[in-house]
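Listed after this line are the structures, all set down as C-alpha cells.
Presented sequentially are two complexes of chain A, the first with chain B as partner and the second with chain C.
Moving on, here comes the complex of A and B:
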C-alpha cells in the first residue's frame, strides 16, 4: 500500500500552510500572501466549529456569527483597559471559550429537542437577537462604537505587533491545528461515533441506548465554544471588537458555505473550504477590484461594477452549482472512511 | 417471574386506536411470536415497549420495573436548581444596565486598582433599594418559566427509547435502520456504546482508558460479527452490504447491547428459503445465550418452526394466545386471516 495515501489531508494541508511565511522571508514580495491568509484561519476555526454540528451531528446552525460575537465581546470586555478586568491574552481566551461553552449550553438546553428546520430557525433568530442586544446594551458594549483599543497579545514576554504578521500567522495556525487535533480525536472515538449515528438515524441511535439529547448538547456547546474562540482571536488581531453589525447573518452563511463546499463531516474538507470560500472573498475578489480600479477599467461611482459587491451572489451561485454537481463537497467524508480502512486491512481478518 | 408484563396497553394516534387493551406476558428464555394481519398494531406494540410511542393507558413492566425515568430526589433537586438559576438570571438580566453602572462604572477609575469587594455590596444594595420591582418579580417569573419548562421537558422525556435500551431491551426494525455511512464494525460498536466507560475527556485527550477500551471494544465487536457470520464484512459500509447481511447486521447491533429482551420486527422479510432457515438457526442460537425473544413475523414457517408461544393481534386487540398448535386451530385466528365462511355469516 502506498504510504503517501495514508498521509492525512488536513495535516499535509496545515504543514504546507505553515511553510508560506518562511518562503516569503526567502523570496520577499511587496504584498505578503501570508498576511492575506490570516482571516482564512479565523473562518477555518468557525467552519470547524460548525462542522461538529452540521457535519458530524447533522444539526443545521444558521447563527454561528452570534457565537463569534459573544466570543469577540467577551474577549474585548475582559482585556480592554476601560473595564476593570484587564486580563492577559491567554486568560481572556480561556475564559472566552468557557463563556462560549456556557452560552451554547444555555441556548441548547431548551431548544435542542427541536427537529431540523425548527432548530435552524432558532439559531437564525439567536443570531439577530445577539446583534440587537449588543447594539442596545450600550453601557456595557459601547453600542455601535465597538470596544477598542485592545492590547496586543504577549507570548512569554514577546509583544505581538501589527506590522509583523508572522507571529500572528503562527498563533492562528497553532490554534487551527489544536482544534483540528481535538475534533479529529473526538470524531474517531465514542463521542464522534455517537454524533455520526445521530446524523444517520436519530431514532435508531436512541434505540441502541445513546442519550441523543446529551450528545447533541455536547456538540452544540462545543461548536459554540470553537466559534467564540474564532471571535476572540479575530478581536485580538483587530485590536477592536468591531461593531455588532460585523457579526451578521452573512458571516453565518459564509461558515455554512465553507462546510458545504469543503465536504460535510470531513475536517480536511472544511480547511479546504475555508481556503476556497474565504480566500476567494478576501484575496481574489479584493485583488480583482484593486486591479480593475488601478487600470481604470471600472468606474468608482457605480456599485454594480465593483466585483466585491457581487460576492454573495457568487456564493449563492457556487452553492447551487455544488448542490447540482457535487453535493458531497470538494473533499467528501466517505473518502475519508475508505482511507480509514484501506483495502489491505479489509482482506485480513482483524 | 415474567420478564415482560404488558397490562391493558392502549395506544391511540389522534382518533385511531392502534392498540386496544392488550395484555401480554413473556416468560424468560422463550421465543414468543406476535402475529396478525397487516395493520393489526404489532409494530405499535413494539414501539410502545421501546418507548417510541407513549401509551394512552396501560403499564409495561420490564424486569419488575416500569421502563421510564424514575422520579428521584435528585430530579427534584435538579428542577429546583434550574428554577433558581433561571430566576436569578432573569433578575440580573432585567437590571443589567443599571447594575453594571452601579457596580462597575461607578467604582472604576481609568487604570486604577478596582475595588472588587465593593461590587458585591453595591449589587446587594441595588436590589435592597427596591426589592420587589427589581428582584422579586423577575425572579418569580424566571423561576416559574425555567422550572416549569424543565419539568415539562422532564415529564415528556420520561419514556424515551434510550431508557428502554438501557434497561436491556434491544430491537430491530421492520424497514432496516442501520447507520448507512458507517462500517459494519462501527454499527456494532454503537450497539455497545452504553457499556463503554470512556467519557468526553478521555476521547478528546486520548487518555489511557480510551486506548484500552478501543482495543477491547473492537475485539468484542469482531466477536459479535463472527457470531452472526459477518466477520469478513466488518470494514464495509453498512449501505454496501447485501439485504440479508444488513438484516443480520441489525441483529448483531442489537445483540451488542447485551440485551435481556430482543424484539425482532419481521426479520425474515424478503429472505429466500435458505436465508430463512439460517435465520431460524440464528434465532435459536441467540435464545440459547439466555436472551428472551419477541418476534413479529409473517412467514408462518418461521413462526410455527421456532416459537414456543404465539399471540395474535387483530385490529389492535389480542384475539388469541397459546402454543403454535392451539393458535393454528383457533376459530378467531382463522377468521382474522381468512375471513368467515359464508355459512356462518348471519343473513340480513
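Moving on, here comes the complex of A and C:
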C-alpha cells in the first residue's frame, strides 16, 4: 500500500465507526452496537500506548494495566467529592496524563537500561506491585470497593448521562482520533525515527549519535501517559475506579495481544487488533454465552460449554500462532513485513 | 511459644517452601541458561503437574494405599507428564523461533502459559470424585492428606512434620543428582557446551536441538516433582496457582544468578525464608509486594545475581 492509501485507511476506518450511532438512531433496535464498541475504544488507546513501546521502540511492557490503574485511581481521587481536589473531567484528565507521564518516567529512569526480557519482567512486577499497593492502602484507595461515585463529565455545559450512550461514544472516539493523530505525527518525527532505529539495532543507533536511553525513556513515559489516559476515560464512564484486581495481568496480556495480532508498529493495525481481540472478548464471547443460555444449550455440569471458559486458551493460541506463522500481524507496517519476509523469499523467480 | 521457637518454626516453614521454589527455579534457570528464554509457562506447567498428581490419586485410589506406593507412583508419572509436555511445547512452538528476535519466544511462552492455565480450568472440571465431580471447575481442589501432619519433634511447640521431612527427602537427593548429571555425564557436558556457545557446540558435532529438547524435558520433570511435593505439602491446588509459583521461582532464579544451578537453589531458599519471615514479622498482605520488590531491585542493581558470573551482555 502506498502512503496515500494507508492514510485513507485510517480515516475511512474512523469515519465508518463515527457513523454507527447515527445509523442506529435512524434504525433503532434493542442492543446498540455503539454501546458495545465503547470498551474497544479504551482498549485501542491502551494498545496504541503499548504500540509506542513494543511496536515503535521494540520494548516489551507486560504491565500496561498498572499504568491504566494509575490513571484510573488518579482520575478518581482528583474528581471524587470525598477528596479535597474535586476537579472537573477536563482538568482531572489533563492532570492524570501528566501523572502517568511522571510515573512512567520514574519507573523508566532506573530500569530502561535493562535488556529487553528483564525489562519486560520488571514491568510485570510493577503491575503486580501497583495492584497490591492499591489493595493494601485502603485508607486512601478504599481497597477492593474502589473509589466511587464519581461525577459525570460535562462538555461546555452539557451533562453526560449514563443512559445516553452517544455522547460517550463520540467522546471516546474523539480521544482515539486524537491519539492516532498524535502517534502518527510522533512516528514521523525525529523522535519516532529514532525509536524505529533503536528497534532495528540499538548499537548502530547509538553509533550514529542517537541518545538511545533518552529516546527509550521518552517512549516509556509517553506510552505510560496514554495508558493512564485509557484508565481515566474508562473510570469517568464507570463512575468508579473499580477494584485493583480489575487491572490485572490479563489486561496487560490483552494489550500485548492487540498489538501483536494487529501488527506491531502500525497504527491502523493496532486499531484492527483492538477491534478483533477486544471485540472478540467483550462482544462475541458475551453474546455467544447469552445466546447459548437463552436456548438452553449450556449444561451446568460441563465447564466446556461456557464460551467464556475458552478465553485464555484462545488468547494464548493467538499469541503462539501469530509468533509462529505471522509475526508481522494481520495488518503489518510495510517496514516490518519487509524485514520478516525478505525480498528473496517473496519474489522467487518464476 | 517463645521468640526463639517462633524463629525456628519460621525457619522450618521457610526451608520447606524454599526447597519447592528452588525445584521450580531450577527449571527456569536451566532453560534460560541454554536458550536465554524466560519460560513464562513454567509455573503453569507446575500447576498442570499438580492436577496430574490429583488425577492419579483419584484414578488409582492412591489415598487408600501405603504412603510409599502412592508417592512412588506420583513421582514417576507426574515428572514424565510434565517433562514430556515441556519437550513437546519446545518442539512445536519455541524451536521455530530460535532465529527470530528475543521477544518472539517470550511472547510465545506467555501464550503457552495462558493455554496451560485454560487446560487447568478444564481439567478441574473432569467428572471425578477428587475434583468434586466437576461441579465448580474453577474452585480450588483439596488434595488428600497422604503424608501426615504428625510432629516428628513429639510434643514440642515447634512443628517439624512428616511433610517437612518428605519435602527435604525428595528435593535434596534430586538436586544432588542433577548437579552430578550436569557436571559428570556426557549429556550434561553437551548441555553446558550448548549454553556456552551454540554455534561452536554445533561445529563439535552436538545436535543442538536435541540437547535443548533434553533441557526442556529435565526442567519440566523437575517442575513435575515440585508439583507432587507441593500438592502433598499444601494440600490444595488451583488452576491459577502457576502464576504466583512461577513468579516466586523466577525471582529465585534471578536472585541466585540466572543460569546457575546452585544459584537457583540458594535463591529458592532465600525467597522461602523471606516469605516466611515477612508473613510472621511484617504482614502477610505485603509479602507479594516484597517478593516483587526483591525481583526488581536485583534486576536493576545486580542483574547477574548472587552467584551468576559477571560477563558482558550477549547482544
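Here are some notes:
Everything that follows uses one rule, which is that the second predicted complex is superposed on the first by the 321 of 350 C-alpha atoms of A that agree within 3 Å, B and C clash if a C-alpha of one lies under 4 Å from a C-alpha of the other, contacts with A are read in each partner's own complex, and residues count from 1 in each chain.
Keep in mind that, in the parts below, a contact is a pair of C-beta atoms (placed from the backbone, for glycine too) under 8 Å apart; a residue touches a chain by one contact, two chains touch by 3 or more.
In this text, all values refer to a predicted model and were calculated from it rather than measured experimentally.
Considered on the superposed chain A, chain B and chain C are sterically compatible, since they fit side by side. After overlaying the two complexes on the shared chain, residue contacts for A:203 are found with chain B and with chain C alike.
Applying the stated contact rule after C-alpha superposition, one finds that A:110 touches each of chain B and chain C.
By the touch criterion stated above, A:292 is placed in contact with neither chain B nor chain C.
In the superposition on chain A, contact of A:319 is made with chain C only, not with chain B.
Once the two complexes are overlaid on the shared chain, A:186 sits against chain B while remaining clear of chain C. The gap separating chain B from chain C at its narrowest, counted between C-alpha atoms of the superposed chains, is 8 angstrom. Once both structures are placed on chain A, chain A residues 110, 203 are touched by chain B and, in the other complex, by chain C. For chain A in complex with chain B, the touching residues are 81-84, 110, 113, 137, 139-140, 182, 185-186, 189-194, 196-197, 200-201, 203-213, 218, 333-334, 337, 341, 345-346, 349-350. Within the complex formed with chain A, the residues of chain C that make contact are 36, 38, 93, 96-97, 100-108, 110-119, 121-122, 124-125, 127, 134-135, 137-138, 243, 247, 250, 254, 285-286, 288-289, 292-293, 295-296, 299-300, 303, 313, 315.
Partner chain A is touched in their complex by these residues of chain B: 50, 52, 96-97, 100-101, 104-105, 107-108, 110-111, 114, 116, 149, 153, 157, 160-162, 164-166, 170-171, 173, 177-183, 185-186, 189-191, 193-194, 196, 198, 200, 203-206, 210, 213-214, 218, 222, 231-232, 234-237, 253-254, 256-257. Across the complex, chain C is touched by residues 54, 58, 60, 62, 110-111, 114-118, 120-122, 124-126, 128-129, 132-133, 135-136, 202-203, 249, 253, 256, 260, 301-304, 309-313, 315-320, 323-324, 327 of chain A.
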